[in-house]
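For reference, the structure discussed in these notes is given below.
Which chain is which? They are A, B and C, in the order written, and residues in each are numbered from 1.
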């Protein structure tokens, strides 16, 4: 779509430093944008890239604007403003209303006439599909699934029985929502399956990445609240609740019955144990192991960055001998007439809180 | 389904403390069950919830039964007994015998007349499907796949050529069994593919969670024995063997050619290296790195729980300087007339067993 | 296929120690190969298995050949030679040219007459499929996808709009390429979606394992270069570039905008942060956390191998008290008249480079 810089400035409340009638029709990177493209600068670290840009305009903040050799769209939050401008210049394709003849649709499914049902989609009994919703090719909607208006299932999304999805939520290929939670009771002869009888409620404005899985609750529902963003290949266990506006990066797993608050940001490859409670506004850096609850907003970490392999092996060997190190220190302390038990924080290691295995 | 407490007590060998003719028709949590629902108490930590429950009956052990204000179904293993009762009250839906007209079925596939083949399923040549088996919508069964009786493929399960699945096994959406193992030989010009010629044998009473993958063997078969339970998003490499009754939680990876014994319990996000042997009755807590074999039953761990981010960074910095710490200690020991080499376990770190990278 | 040892020796440049007219028709392990099968010995650790083998011939190196009781095919790189021989004896099945009647194919898709389009495949507008390419059952190719000659999509592969795939590349079931990258800008009211406008370019001779996901670029393309090998359940973020001949094992995640060089080997369950640069010829062992760039070829590690759980808990408790340990050491050093600040590498932990969370 083609728009003028003036129109963008007005629509998104930017200060325009440049000619309002200049037209743009796309976005680009600072390094490669052409004169019809809008670029952005959100991180001051990249300010040096401004000097050589040939973009039609750059979205940036007031401080960086002084260094901008081309038209500037000055915004308080340049990244969010860029995102909105990109959405105008490159609108998401819509799918035509109607049902592909190859779709298999139960007679009693209630599908809004403005919705799209794609090729080979399978829509089960008592399913409801809201206005303008898109059920892409190869999606499977089991009995009783409900999609609110403007939901988009890109392709090959599986929603098991009774899953409800809120308005404007976007689910990517390979997502599975509502498969059985991992519940088994150990008996003398092996495992007894615990029937998984809850469902999953997914809020509005949620986005869930490719091949991510969300299990149905054991008795009550698993809940993903509004505006939650889940990256690819994430596992959400049964009975979990994820609060509004929380974002989780790829390869992270959340074990069953854990509650995560609102506005949390959780990095990739994090392992979160079961039956925990994580309060609002918690940030967890990538690869952390979360084995107990968090009741105070803040940033939390574990995970030790890499070393060259030989140096790392030495460190691990040292680590494995920490007990002996403490003993040697105590020998020295005693020889020096000091009392090891009086040393700071010299508590017995056995007094340590036992760790729950994350993800049990 | 509606049953009386008396019938449940008789059927599952519970002692009933309450009126046998009371009827129940569902399960619920202690907090929310109504008078027609059965709840359970398996963990004494939650005993306080008993006081206010309005459940029709609670399944619990003898010690907790004394505190139960409503009818009690007393069982030695309350969780397993609850699981069985839930299975009676909420039986798994069955699928009707027959083939959906949209399914694509090879002429020589042998499908039991009592089996169900769902919408858009693709069944290849020489496939065998046993009595009452369910091949859900969008499943793909390549040439020569064999399903025993009562197997359930929920939806969108892919079984590659020659995969065999035992009776009553339940596979969730997105499961892929029998794709090529990760086998390449490095040559002067790059990688040479090593043909993956084995298949996968999956035992009876197995359950495999959404989007989990099991690779076919390189020459012989990958084997998942009876009653193994695999959660979602697990990767099982080629030539692996997993012993009967072993359960593995989500996001765990098992590298090629590793053998895991029977009755093991493996937490989530565990990384298990290749060519290892793990004996029977091993428990591994979540996030552990298993880089060498385990020959003794027991509980094993690695993974360090999180800290507030600033405190964690300090710990990591201290850890990275452990070598210097040891040197400083030795200086003190020498000054004190002690012999560092005589200190307990003061072996050279270089003598440490080299770690194999898990998952190589 | 049946071939003589003489033919194999000539074709693959091996020295044959044995009768050239002996026929073989399959491969097998040293332990179980029969007299019609070729086995291999690549790792001298397994040389003891030679004594009892009944294989028709064994592919091995010169040093091991002296111990071989049966015919030997002597090769410089026995594993690569075995791989090639296995490819001859067990050729990959080909699929017949043509389109399955259940496939849904856009009128303007350009499909080479020698290509195969499988059951229920969905081929969108302006898609191009090259000579002898195989689009297996249930694959979804969105608008503008391009497949070069001899590409194989085994089954149920999803390629989103504009994805290009190079010659001979092999994609396994459940792979998703080109879904939206994880890009959101935080604004006062929540997340604003950043449109993901790039595509994905996959080179020639690439192999990608089951349920692995590769996101499309935000503005420019995500790039997987020639001969890259990705195992199962790997997540590749948007804007990533992976250099030629690099191999990555399962369950690893690469965060957005990271560049990985050529000929790297990356173990399983590795977490690689975003916006990093990893040079050519880097090896990373399994479970490592890569939180900053690597500019020197070599082997890198993190991840601490497991211990028996009680011993591990003690180690963790010791680790968590490292700060106190350093303080106690300094007390002793001062008492001994030594200057802690002069100790080797006794830098302040606060001076440590802040860790970026991998995968943020």
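Throughout what follows, contacts are C-beta pairs under 8 Å (C-beta built on N, C-alpha and C of every residue); 3 or more make two chains touch, one makes a residue touch a chain.
These figures come from a predicted structure and were not determined experimentally.
Asker: Applying the touch definition from the top, give me the chains sitting in contact with each of subunit B and subunit C.
Answerer: Expected: A.
Asker: Same residues or different residues where subunit A meets subunit B? The copies count as same if more than half of the interface numbers are shared.
Answerer: Because under half of the interface numbers appear in both copies, subunit B and subunit A meet with different residues.
Asker: Using CA atom averages as chain centres, what separation in Å is found between subunit A and subunit B?
Answerer: So the centre of subunit A lies 24 Å away from the centre of subunit B.
Asker: Do you know which subunit B residues sit against two or more other chains?
Answerer: 102, 120, 138, 156, 174, 211, 233, 251, 269, 284-285, 288, 301, 304-305, 307, 313, 316, 319-320, 323, 325, 329, 332, 336, 355
Asker: So in the complex, which bits of subunit C are touching subunit B?
Answerer: Answer in residue numbers: 27-29, 32, 42, 77, 79-80, 82-84, 86-87, 90, 92, 100, 102, 118-120, 136-138, 154-156, 170, 172-174, 205, 207, 209-211, 226-227, 229, 231-233, 244-245, 247, 249-251, 267-269, 284-288, 301, 303-310, 312-313, 316, 319-320, 322-323, 325-326, 329, 332-333, 336, 338, 340, 343-347, 349-352, 354-355.
Asker: Give the list of subunit B residues in touch with subunit C in this complex.
Answerer: 102, 104, 120, 122, 138, 140, 142, 156, 158, 160, 174, 176, 179-180, 182-187, 190-195, 197, 211, 213, 215, 219-220, 233, 235, 237, 251, 253, 255, 269, 271, 273, 283-285, 288-292, 298-302, 304-305, 307, 313-321, 323-325, 327-329, 331-332, 335-336, 355-360
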